[in-house]
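Two complexes come next, and they have one chain in common, chain A, joined by chain B in the first and chain C in the second.
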Partner chain A sequence: MSDSKTIAALEIGTGKMQVFIGEIIDGKTLNFIGSGQATTEGVKKADIIDVRRAAAQAQAAIVMAERSTGASIKSVCLGISGTHIKGFRNIGSASVSGADAVVREEDVERAKDDARSKILTEGKSYIHRICCGYYVDDVFTSSPLGKTGSRIDAEYWMLYGDSDKIADAIHVVQSFGLEVEYLVFSALASAIAVTNAEQKNNGVLVVDIGCGTSDYVLYKYGRPMQAGVIPIGGDHITNDLSYGIRLSRANSERIKRHCGKATITEDERSEKFWSFGDKQIGDKKISMDAINKVIRARLEELFLLLRDELTDFIGNDSIKEVVLTGGSSNLSGICELASAVLGFPCSQGKFDSSVRPNLRHQEFATALGLLEYAREQESNKQSSASIFDTFAKIFKR
Partner chain B sequence: MNPQSQQSQKLKIRIVGVGNAGVEMLKKICAHGPIDATIVAVDTDLSALSKSGVKHALALGGEITDNMGCGGDPTLAKEAALANLASLRAVVNNADMIVILTALGGGTGSVVAPILSKLAFEGGVKCIANFCILPLQLEGAERVSLADKAFKYLHKRSNIAISMPNDIIMSRTGKSLKEAYDEANECVANAVLAILNMISGRGIINTDFPTLRKIFAAHGANSFFASGQGFGENAAEEAVEKLKKCPLLSDNIPSAKNLLINIVCGENMEMNKTRALLELAKQCFNANGRVGYGIEINPDFDSKIEITAIGTEEAPSQLSSEPAIQPEAAPVRRETEQIMSNENSLPQAQNISESIPQDEIQLKPPHKRISTKIPEDNPVPVKNPDEAAVFEPLKPPQPAPRPVTEEEEPQRKRRGFFGFGRKKSEQTQEQPVATQSEFKFVEKSQQRGFFEDTPPNIRNGEDLDVPTFMRRNIKINL
Partner chain C sequence: MAKNQHKKPATWRDLKDGSTTSKRRAPLSWRARLRAVWIWTKRAAAVAAVAGLCVGAYYLYQNTYIEEIFSGKTEQIKQIEFKTDGYITGKWLNEFLRIPAKSKLSDINIFALKQALESMGQIKSATIERVYPDILRILITEHKPFMRVAIKIDYQVRLYAMSPDGVFFRPVCIPDKTLASMPFLEGYMPVFEDNEPMRYKNAERLNEFLNISRKALPQEAAGWRSINVSEIDSLTLPLITVTRIDGGSIIFAPQDYEKQLDRLEYILRYAKEKPLNKIERIDLSLKDRADVKIADQQQK
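And now, the complex of A and B:
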């Protein structure tokens, strides 16, 4: 008999609350069955500043999603982001215990435990402790078992955030009686949705440029090597524009979406258009050049900050390409700019062919990735559970 | 010990005297006996510090000034301050309230006090109070203008910023020079002690630190301070009269937005008298916002009553160091502000006013007056950009009198003088003014716009919420 589970993916974004409901069958198949969306007001720079409002809006999105499917949700896969999220590299080591100097499972576990056991300062909690790979006598390997050497090191990327902020996000879900089953850093989820195994193996930097922040994750050898948050997002571009071209926030947002370009040609530079278009009092002509200067300055800063964060991986052929996703990656010319600043070929995220065409939007990358993440975890559970079941049956006999 | 004084001991209040005069003021405060605050003296002159007898002293400069003071040279003082920036930061760090005392116009005071205010502001000190003595006009335009600029800079970064023009304090006394200076210092000392007393918890009715914070929540609001004393039978009336005539108000009783009143009286003070006194004081400042008051009993006072008022002014008006604005100026500004909404709409607005003859009479003459008045009334040649920020939207949109090209450059340099670390973003603040042609919907001090209610987003010493093009000084031509 097939085992099916309904799970909701919730992304508490700065721009919107996005809920996708999926049905996971036998941990193998993922069926998208419904969605819900609500505007967000209690969130700025991906940090929840008003828990009550955020909770109300998240609930609205979940109720909308439930109604669209008729399914009732018990657990949630929650995507988390925010300016408070930071990461550091930690290496744990263990000496190889066997007399034959062959690395065994227990040696690896000891090295892993050593790396994972690093204690954070008060008020901080881990979100993910990601194993990036191993070193056997300082030689990198992704599968150390069976290799010979005297010492094994496990390299971890420790992603952590403020305990309070994480608790706030979980509280948003719990406040209407649901449980957070998985807590996932949103860039990891986005990367799952917009890259394939080959890209992850060759080295890909996924940057999810959202409304409030830009979250990134770097994959190499199929594993996440580094992840973090650059506290700049689409809202910053809008805010800059409202200063630069002196229009209200709503108008700046409209202009960003319709006329914003990260890179422009010489001909476009002299182009002008009306700010409101109604030619009433206050309407004025704005040059494309002015808009481009503002947007470009901000995005260049974003990519430069990103480059500074990834110094370990730049210049040594680790990264083969950059994939941009998130709502702000729809800005025209952003890939060209990213490619110019970072020095890698850059493209927008591409979704798997199994994703419905109407869901193939960069804004949905995180929510789609969350569902896929949940499926992967369920699949892991199932495989371990099935082994256990077999054993249980054997013993019963 | 009652619980409140325990609480106030927990409060970390630091009183910092900056420069020679600041140290003198500290001495005056110390002379009044022990207080619940840490006293820190900061100076570039080591000998003055060692003579002061203040326990915590920070000498700036070292080799830069040879420990001999900076001789009134602000550049040297800035160099000295920047060399000891970490120590200065330590002075303001982790304090709940910081009171900075200084005399502006000299080297150390004019430079270090703004820097301290900025550090405190950035360090999140809950209440920053600045008491500054401004130089005498006869000390020369250079000192006066330096003092003005310094005050305007620190004014924006403090919750309470009170300037005491030496001219006013001294003009009223026929005393010797030393006595007059002493009196000015004493005046500051009294003001500080009055505030400390209010939150010390020694009184019958106490105003506590949160009240003080609430009343002075905003940075950069114009604040005022006044005190008065009365004796004998009509002590209350006399005290209020004296309060009104307090030299520190420059004969210009402000309309208070928020007000804190402290009364010190003898043991025999009657309740109804106290109430009447508070009412009188409230009326006197026309207070309509938050009013906090404290009453303290001093057994030595007998029939003497001392009343202290400190508050923020209703509308941003000119700083007390400058000649008071003529009362009719305010409504005129409001008129011009409406017109200001769009340059193109100015002729229209005037057309409308021409069709209504009465309006024309009211509108036009003040227009002329304002456009010519500001340069005339201000003897100081260089206007501070901060002040421009306050008044900019209120001026009529006449391109000619606005000295953009000639004065903008030197202003920027001067603005950058007190700034350090984030100089670029400070400079770029000027840009919107220089290229102003549309709606003015952002205050220069709130460059973070949409993000203003969120914590700063600091990376590599820059606040990422401030537009990049402003920080990078990129000029946007519309």
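And now, the complex of A and C:
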């Protein structure tokens, strides 16, 4: 008897609300079954500022997805981002208890508990507490069990955010009669969708450049080492263009999408094109150089801020490559610019071959990653399920 | 950070499952309200469906169709097992029920049979069972008569028997000899409801009186023709008047029967030892004495 669960992935983005519905079979297979999308309202820089308007749009996207599939969803894997999300590194320690100085499961658990028990100030809540690795007598290891030493340290990356902002995101879902089963930082979800195990093991920085913010996560030894949010996104480029070339936001957005380039050649620098293209009153010639300067300046700022955030990992061979994803990563020449600023080879995210060709778009990375995250969690649940859980499931059917 | 600290590290799950959960589930849009209504409608429908199933199951159980469903093949009735604690005979039952020959056990409506039997005044309760594959079992509990009463209805006198719990019924299969041995109830006009006389409230007291009398003076009690209860509920002087087979009467107070029967026994013994004229009336209802009226010489 196969165990099937229908789950929705909801990404509350600054530009759009994206819902993907997937069916997880036996915790192993993930079938994409439908999607829904709605424009975002009440969200600024990925923070919900008007919960009612945001909820109305998110719920419209959910209804659209449900109608497209005919499936009725009960639980949601919710992607979260926003400038309120911050992270810090925390190390928990425990002495090795065995007389033979061999690290055992309970020693590891004590070190992990010590690291995880760090208490936040009022009004803050953890989103993820990610174990980055262990140190046995100050020597890094990803699997400490069986190693010999007197002390074990567990290193955690603690990702937290404002309780009110997180509660608002949860409210959007729960007010629709749905359960938030998993809450996932957007960049983590994107990284799941666009990188493979080998990349994560070697060291990869995944940057999800969205509309309002850019989320990043750094993987090394197959584990997330650091994650965070830079409050710069595609919207800032559009705004800059709007001011810089004195066009409306809508036109600036159109020009960014169709003609915008992060790096240009000497030949392209002298190119000019019409702002509207209809050569009527108000239409004017804009040089590619001007556009490039505006886009480049904003993106350079983004990558420089990112470099500052990752100072601990730059220059020590921790990062082997940078992967860009998110809607704004479609900007032409962005990878070359990122590579130049950060100093690492850079490429756009590549989706697994199991992902349908029509879904292999950078703007879907988060939603696809959320579904995959839910599948991984369901798989973990199934492997640790006891006989009682199995019976409980039978009665739940 | 140290000043305002939680006791446990707060995670997003605390926000999801926390104390303000109900507030976080409040609908924020018309779509959410519509969905909430839809969800509750579905839940109500599910509850109604479950309730319907329960009622259906109860109905099936009550009609024992379940028994039929699970009992497998049924055959023609070969035997009707009949048991009663009273006078009704198998012959009468056959005539009364008129179960068609070659009826299948499953064709018998046992509830209709039970209803028909229990509509008979003499039958207190009836249990009908199907013993698969071919036996119909009928168990009857009857009302036991201890007195009889003749009631005039539409210029016709009908004979009813009365049980100790006050039920009047037309006697069926009760031998004439048994009926003849029961005294008549006099001085009480039964109240009729749906053409049937209603229960008599003092029946139990009368039964007790008769039982005590039969125990104390069996020969004398056997010769009692009727018991008049017209004064039994009198507030000033409650009385039970027994008419003997020779026409004489004995008046009892409806209490302290043993004492009164002692006196009666003495009087009767005295009358036997010293032959007197016919005793016309014995009044035992008086507190410290008994009055005996003896017939005149001529009457003797």
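One rule holds for everything that comes next: the second predicted complex is superposed on the first by the 385 of 397 C-alpha atoms of A that agree within 3 Å, B and C clash if a C-alpha of one lies under 4 Å from a C-alpha of the other, contacts with A are read in each partner's own complex, and residues count from 1 in each chain.
Note that contacts are C-beta pairs under 8 Å (C-beta built on N, C-alpha and C of every residue); 3 or more make two chains touch, one makes a residue touch a chain.
Computed from a predicted model, the values in this text were never measured in an experiment.
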Chain A as common anchor, with chain B and chain C clashing or fitting: fit
Which superposed partner A:Q174 touches (first chain B, second chain C, both, neither): second
Partner chain in contact with A:Q382 - chain B first, chain C second, else both or neither: neither
Which of chain B and chain C A:S163 touches, first, second, both or neither: second
Partner chain in contact with A:T141 - chain B first, chain C second, else both or neither: neither
First, second, both or neither for A:S117, with chain B first and chain C second: second
Least C-alpha distance (whole Å) that remains between chain C and chain B when both complexes are overlaid: 19
Chain A-facing residues of chain C, complex: 1, 4-6, 8-12, 14-16, 20-21, 24-29, 31-32, 35-36, 39
Residues of chain A that touch chain C when the two form their complex: 51-52, 55-56, 59-60, 63, 116-122, 124-127, 129, 163, 166-167, 170-172, 174-177, 180, 183
Partner chain B, residues of chain A touching it in the complex: 44-45, 47, 49, 83, 231-232, 235-236, 238-240, 242-246, 248-249, 281-282, 284, 286-287, 289-290, 293-294, 297-298, 300-301, 305
Residue ranges of chain B touching chain A (in the complex, touch as defined): 342, 344-345, 432, 437-439, 441-442, 447-451, 453-454, 457, 459, 464-465, 467-470, 472, 474, 476-478
